[in-house]
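Quick heads-up: structures coming right below.
The same subunit A turns up in both complexes below, where it pairs with subunit B and then with subunit C.
Right after this comes the complex of A and B.
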């Protein structure tokens, strides 16, 4: 068994790293739920205030790449769920270490009536574009992000179009169907 | 070349030239572009029909719009179309430019392309096979022969209305009208 090599990583050793990270997270943060659904996954559910410190904590452990920020609209519960997916870049070209196989999903919930969250750009600078996207499509404000300008959309919308209460059919009837044929 | 066409060649050489050398600007808007590489390469070999891809709209006379058209791409489509020299022909490829296709209630996809630029023919399907492009090309030949592929003339004639529709969809346009005199009428 080679140390840190791809061949050397067995399922049992993966679970060990997951469990170790889980214990570390649970001991340092309160109100945090850590689930290990697979050997290569780690799902963290935390409060919105803790998100920044957890991300910093994970970055210090070597998970230095933010894959994406996504959002889920839970309209019945009147909440948005922000999903941060964090992985680690390969340190060597063709060898995985145990850390580099692990994908971490961090979920936080924010209020839907006041959709505001703190920016994570100080920790992961590539978050800027994802935050712009969420600002445009869900109308979430990220405090501290200086560049929340339009990204994809050309037209203006009353409700941000990716929210569940945005009626696309109604919008199409109002806008595109009203344009006459030549 | 067909021997029976010789009369036509002497009568209208320019038209026959346009007809048998349709140089295409492929507008790679959506998933339809996946059908184009097999069409222009050796498997289906579009050059048999005189169809070759070109780099810029200034060299092209056939405009193939492959796939859904979002509001942002519509702007680029109009600019590309207006840069092409006449005579120019437009073919919509796939069901999305025809009536929106699966994006019929999308917040950002325009539904009918022919409200904004004139379209001479449609290839229906999601996705159409590469053979459908050749059927469209041969069909376009007969249309050019009969003088039915007159989308560019229609654009000039009814530019006022097209421009109005474009402004309804895109807001204020950044470029000046292509036919300012016709627009004043």
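Right after this comes the complex of A and C.
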């Protein structure tokens, strides 16, 4: 097996891998909910403070590709949901196994009033730019990320623009109606 | 030597679209680079939350101007997954053919940009002309040259018109017959070799750490391709190779693009032969009253630039609750570009950027 490989599990039996990973996760972490919606997916819901250790745990088992960090604004519950999508690159270069099909979605919730989370850049270095994006568009502060500088926006916004309480149409009227036609 | 700050783009000949880089230079050496996106987008992910599932299509295809079909495909796949819609077999074949055609057209556009940047104007014009032939095919099939809005949830918008198969074959033959010319003038040209060899080199380990996909990763020897890893449409029913190179530099990346184009053309011929008859569209509910059950989905396809993903959340309404695209240029243009530009010379900025195959609209949100 290559480095960080999933030793002892034949890649062909996907359901086995899924179940074994689920068991392992449930025995290692408390307060964790693991669902297998289909053979190639694994959804984990965990506490925010565990997210970093779970990501480390998964990376040690060969899930070495952080595909995306996303955020969903659940305004009614007054919470942000951080979504980490993790898969793996090929285990052997000339072979496609069931293993690479497995996508893990890790979800954690943080408070909307004080939106703060720990950075995952020590584990996945490409997380930096995703965290920059979420910092700018949702106003989430990632503790430990040294480079939370502006990415897309050119103006200051009272409410970060991707939050649900930011009304794009109102904003457009407010800002651009004042500019006279040439 | 004095340290200077140099603004490269957005109005610059060596720049791909609305995108700029701030360079910190000392003489000709780049000490530090900072990519600045944000010049052209309008918060499309946010706007999609205001529109119904079908109304979003005109916006989706504008995310990647050069290759709108894989964008439509990934959006349609996400909607189908959330709503549990099946796609007819013939529609899957048509989708695959359209996606491969658009890969060829996108690669020709990429070749135009790269050859133009190196000063191979003749080759660039050929590539643009050949791309135009494929756009003619798209015009006949979909009514639009650039934005097609052809792939829908449930299938494709209409079947192939009469005689369309032969037109595809003829067009691809006339493009394919020029490959020796391309090779003699450009790919086997010493000037291309001298100018691209060793430029923007990245190792496989670094590429994986930074989240590279597509040509950037395949040029380092890894055969990672979503079409093989997690086949969608009918990619599991057609036989094709994943071209790779070992060196991870600009030279390798451009060769991978060339080989992929040829592989795609072969694939289209095979698909046209194997295409079944039947309907191309499963009816979906009235778009104005269409509510999709609560849920979330992450789907991915291999666009011409790498892994294109879409994370979509529905809360049971007639509009998406959250849409987030994972575009390949996002990682390549923001993370890998900044890394490769360190210690490069100013003359190589365009070379590195275009060989990474970055397209600016994909980066912006």
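List of remarks:
Everything that follows uses one rule, which is that the second predicted complex is superposed on the first by the 166 of 182 C-alpha atoms of A that agree within 3 Å, B and C clash if a C-alpha of one lies under 4 Å from a C-alpha of the other, contacts with A are read in each partner's own complex, and residues count from 1 in each chain.
FYI, a contact is a pair of C-beta atoms (placed from the backbone, for glycine too) under 8 Å apart; a residue touches a chain by one contact, two chains touch by 3 or more.
Worth saying up front: this structure is predicted, and the values here are computed from it rather than measured.
Of the two partner chains placed by the overlay, only subunit C lies in contact with A:64; subunit B stays clear of it. When both complexes are overlaid on chain A, the residue A:180 reaches subunit B alone and has no touch with subunit C. When both complexes are overlaid on chain A, the residue A:72 reaches subunit C alone and has no touch with subunit B.
In the superposed pair of complexes, A:129 makes contact with subunit C only, with no contact to subunit B. Which of subunit B and subunit C touches more residues of subunit A: that partner is C.
Contacts of A:169 after superposition: both subunit B and subunit C are touched. Once the two complexes are overlaid on the shared chain, A:89 sits against subunit C while remaining clear of subunit B.
Looking at the shared chain after the overlay, A:55 reaches neither subunit B nor subunit C. Within the superposed three-chain model, A:110 lies out of touch with both subunit B and subunit C [touch as defined at top].
Within the superposed three-chain model, A:154 lies in touch with subunit B and with subunit C [touch as defined at top]. 152-154, 161, 166, 168-169 are the residues of subunit A that lie in the contact sets of both subunit B and subunit C, per the superposition on chain A.
Chain contact summary for the complex, subunit C toward subunit A: residues 37-38, 41, 43, 45-47, 50, 208-211, 217, 221-224, 228-230, 296, 298, 300, 307, 309, 311, 313, 321-322, 324, 326, 330-331, 334-335, 364-365. By the touch criterion stated above, subunit A contacts subunit C in their complex at residues 40, 64-68, 70, 72-73, 83, 85, 89-90, 93-94, 96, 100-101, 103, 105, 124-126, 128-129, 133, 137, 151-154, 161-162, 166, 168-169.
The touching residues of subunit A, counted against subunit B in their complex, run 152-155, 157, 161, 166, 168-169, 171-172, 175-182. Those residues of subunit B that touch subunit A in the complex are listed here as 71-72, 75, 104-108, 110-112, 114-115, 118, 154, 158, 161-162, 165, 168-171.
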